[in-house]
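The two complexes that follow have chain A in common; it is paired with chain B in the first and with chain C in the second.
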Partner chain A sequence: MQPDYAIETKDLGRIYKIRGPKHKGDAKELIALNGATLQVERGELFGLLGPNGAGKTTLIKILSTLLLPTSGSAFVEGMDVTRDVQEIRRRITVVSGGETSGYGLLTIEENLWMFARFYGLDSATARRRIDDLLNVVGILDRKRTKISDLSTGLRQKMNFVRGFISDPSMVFLDEPTLGLDVTAAREVRNFVKEWLRNNTSRTILLTTHYMAEADELCDRLAIVDRGRVLACDTPENLKRRLQREAVFNLKVGRLGHKPDKSAMIESISGVQQVTVSEQNDHTELNLILAEESVLGSVLSHLTQRGSNLISLEKREPTLEDVFIQLVGRRLDEDTSHTTGGDNG
Partner chain B sequence: MSMMQRVMDTPLVRRSNALRSFLTAAWLGWQIESNWADPFLFAVYSIARPVGSILILVMMYTVITNGATQEPIFAYIYLGNALYILVGQVISGVSWVIIDDREHYRTLRQLHTTPMNGYFYLMGRGVARMLVGLVSLVITIGFGVIAFRLPITLAGINWPLFIASTVLGIISLATIGLIIGSITLMLARHFWSVGDAISGALYLFSGAIFPLDILPAVLRPVGFIFPVTYWLELARRALLGPSHPTFPTLAAYSNEHLLLILAVISAVLVGFSGYIYNRALHLAKERGVFDMETSH
Partner chain C sequence: MAETPRIQQARGVRLFWYTMWARAYPRLIGITREKSWLFFETVLPLMATIAYIFVYKALQAPPDYVGFVVVGGAMTAFWLNVLWSMASQLYWDKEEGNLELYILSPGPLMAILLGMAVGGVFMAAFRAVIVLTVCSLLFGVVYQTGSLLLLILIFVVTMTALYGMGMLFASVFLIGGREAWHISNLLQEPIYLVSGFYFPVKSMGFWVATFASIIPLTLGLDAIRQLLFTNDPTLGFLSVELELLILVVLAVVFIAGAAWALAKLETIGRREGRLIERRR
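Take a look at the complex of A and B:
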């Protein structure tokens, strides 16, 4: 075992057994993780990017000792997640965005104090850290407020603080900025960066649905879909993959409701990826082409179908484009109904 | 919170994860249990309800026996039911915590990524309900002494016997709650209703309302496996002293003998519940039901 990695997974798999609605024994199997292999270095801010149901939360649950893998192995700071549970829990914390949980009758301070106790902190240290951290997220003046009286965003800030109270060496952040307003989200991102800068042996594993956030924060990130790791690199390197390709944004007159319009364009040779979105008075096409010259065939195809060009823009590749090329759809396209609901 | 803080900062508590988990959970349980917006409602819940249910029993007894509340069997029944308040409070106090944390507060996941000791946490969470039960118990007995002249005096109580047997009784009840809670954890279904069934079975087979001798001989041994049987017998002996009615089934055993049996059963239950709890945790992780919600 390489103890040098903060996180290491080898061929990690997780299958959920789901019962039919009537308990008739017709158990279905759902593959949430499928041979995921990852290595995260100490000091890294590592991101997991993937559509709903990709298996991000499942991976975090396994790494944080809440769930056992069905195959493969996973190590946190060299410790086996299935065996060294207590040692791992002493070093990690987990914060999930959009959590509505908590003992509503406790105040923010009491709740955080309680968790500090579970991590074995003495009162003086706990108090100091609670005040410092609440101050950082700007809710120090609310520390005597009962949790039940907090808005979702404030509750989330409190949960975020909980994740740092024990001075962990690894923090799992599952969509930490979900539902936060722009300022609060920025504060959270800044805090995370600062926290890692102050101690380079700490590690953060983060999932997010915001491309810009992943791009800004992450040293490296893995793009996951359907339980598989499709790519794993720095945001720059991921974008560089598309350097040879040409990325265009096209606005054309409405293509109307042809169900196969994207397939039609994709069948043009040289078109690697296309996403189509219908706007009020036009249709927007996002194209990833093998080379610029392919654009000609696309345009002639569109004019043949009687659609006029409104605007054309060549763009620098973004993470979003990388994502689309690898996953085959946009991150914000809701595909959760095909993979089943998420309760993570 | 400040007194709690001082307790938590003592070296012993700082060193022991189990003790820390237990005390912190007890503090949390108390916050939840005492969180009654209205003290009047709290009084109704913890006093009027148990006293009321005993009065119903007393009425039935008086109708059937023409008001023979001075018969020794009356004290037997009255105390059996008063003590039984604790059975329900402790068992459900512990076994409900899993459901509460998983589905009501949704904190189970958060709690189980901390290094706290889950077994002692559950025990701790039951403390508040147990205290409420103890208060109800004392009030109910006091009421019995005043209203029905139960033959109990403070000086006449065998305190060491009462305290020893009640401590063991509470420990064994808490372990039963823990076993039920553990099964709830791994099944992710409303297994707690089985808790009610167990409570009911205990009521019939542990001599709470009638001596085991009334049961058919084949059913009598059922009572012998329940710790509650021994605790009720010992507590009644301790409270009533010589006026305790003797029934053949348990009369042959001395206080020490019964206490030993209760201690052995409690010890076995502690070990067994620890084993079951760890199995349940493992299965819950295997099945991924840590944050599962049972459909209501």
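Take a look at the complex of A and C:
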């Protein structure tokens, strides 16, 4: 019988013990995952969106059997990640951004062949798959290049092929386009979409920093922060949450180094969220307002503070706005002081 | 669109076999890829061996001592290979991100380690053969062996035990979390001294020789010397038969220990989440 979900977690938790210098007291605890509950359907491309330290990589490590949870439960294709380790490993692969795996003196083809054999592929099948997949990502002509001679983009494409060579049921993509140029990232995204189109019962779990990538690729996504799942829905439904609100992007004269400028604007009645970023010659404000009429109060407040309006744009809500509303800060704001951990 | 049919994946013994040879491959092919390696792995070790030969010649030691040094110099290649390409290898693989992929794959970790060992034996054998051939020709070493079969058996069992120890070290180094090359450095020179690479281990005295026998090369080398240079059997530490028996026991203990340590390694890694994290 097919399991209900490709991935299912219930109140999943993971606490790391951080050892300080010796003889300096007990180990500190760091909560990387805090009661994460998720269900991912078969055939879905499911995204995890969150800042560094949110718990995304920890979740992937638990689901891929690299790490044990400290509480709760997790199932991959109906199998328990704590017990059915070998069977899960036969079905999954992991590709991470910025990977440096493989052996530099081997060629692309040889490295891929080696990993294919670890998954039990016979040599002829492995070589056929290598050619097919290298052709899809457009580097078949480089298959005899040593990987020590590859650029970051080519190396990541090779890593991508490694992730799909064993014909997995489920692929975990952890920041797969990290460090890639725009063209390479687009090719990688196209490859992912094409693979799911041709393999409708396979599942992909994607973590990413890039909102546009999550928006473009994911059937559904979960926004996570500090180990908690804050929201889980389709990108459209998540954005629809802000449909009633008005989202504005304002450029005004520099507000200068006023530490409380966000708080000042947020204190205006009807302002739900504001993010402020100082540019060279102006200040940029992203506002989520309860209704459009609140904009007048914001503008008069800014005028009173001597800041002139340069431009104003009303725009459709993005995932970034949803994220800011849920988390209270932008995705690229550093949170490592509060959570830290293993890259998430 | 129709779903692409799933690809068949081998299981059990076949998967073990595939994994082992796949991991051995980088080492086997590496011999032909790195031209500088040929120089460093052949010419430099020859110099060390030749230096010892001249010391014995200057001291007017019995002619067999030249042969002892040549065989010891050849076997040194395997010891260095175990230290630097086996014991430290999982640590380096962790740093490069390969260990995580090994653990994630269904290929058994024991097959990965065995593949490293098989590849390592070939790499080191190349160096050993060069040392043995060149030095034997240069210094006219005369070998006399009564039983070629026993000689081969001793060599195979010694290598099995030695690389079994390397496999155990690979896991222990990683569990210990110490900088692997420091431990390798620590072990390299003292073992040269107590294992009798360049002189009969019997001359170190019974207790030192017994202690050094935990390193399979000590007894393996001693037995091989007894079989190759039969002029003065009193130079041997124990009888060849007893040394063979002890080597078999060491091989079983080290390989079983490696399997246990690997399982332990993975358990600790999954529980604490630290063994696969890179430090650089």
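One rule holds in what follows: the second predicted complex is superposed on the first by the 328 of 344 C-alpha atoms of A that agree within 3 Å, B and C clash if a C-alpha of one lies under 4 Å from a C-alpha of the other, contacts with A are read in each partner's own complex, and residues count from 1 in each chain.
The rule is short, and it goes like this: a residue touches a chain if its C-beta (ideal position, glycine included) is under 8 Å from a C-beta of that chain, and two chains touch if they have at least 3 such contacts.
Worth saying up front: this structure is predicted, and the values here are computed from it rather than measured.
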Query = Just from the overlay, do chain B and chain C fit on chain A, or is there a clash?
reply = clash
Task = May I ask you to decide whether A:Asp167 touches chain B, chain C, both, or neither, giving the answer as first, second, both or neither?
result = second
Request  = Identify the partner contact of A:Leu66: answer first if only chain B is touched, second if only chain C is, both if each is, neither if none is.
outcome  = both
Inquiry  = Once chain A of both complexes is superposed, is A:Ser201 in touch with chain B (first), chain C (second), both, or neither?
reply    = second
Inquiry  = Just checking: does A:Thr93 make contact with chain B only, chain C only, both, or neither of them? Give me first, second, both or neither.
reply    = both
Request  = Could you say whether A:Gly120 touches chain B, chain C, both of them, or neither, answering first, second, both or neither?
outcome  = both
Ask   = Now for A:Ser101: first (chain B), second (chain C), both, or neither, which partner does it touch?
value = both
Common interface residues of chain A - those touching chain B in one complex and chain C in the other = 14, 16-17, 61, 64-68, 86, 89-90, 92-94, 96, 99-103, 105-106, 110, 113-115, 117-120, 122, 162, 166
Query = For chain A, which residues are in contact with chain C within the complex?
reply = 14, 16-17, 61, 64-68, 86, 89-90, 92-94, 96, 99-103, 105-106, 110, 113-115, 117-122, 125, 129, 162, 166-167, 197-201, 342
Ask   = chain A touches which residues of chain B in the complex?
value = 1, 5, 8-9, 14, 17, 20-21, 24, 27-28, 31-32, 35, 105-107, 109-116, 282, 285-288, 290-292
Remark   = In the complex, the residues of chain A that touch chain B are 14, 16-17, 61, 64-68, 86, 89-90, 92-94, 96, 99-106, 110, 113-115, 117-120, 122-123, 159, 162, 166, 343-344
Note = In the complex, the residues of chain C that touch chain A are 1, 3-4, 6-11, 14-15, 18-19, 21-23, 25-26, 29-30, 33-34, 96-98, 100-107, 112, 269-273, 276-277
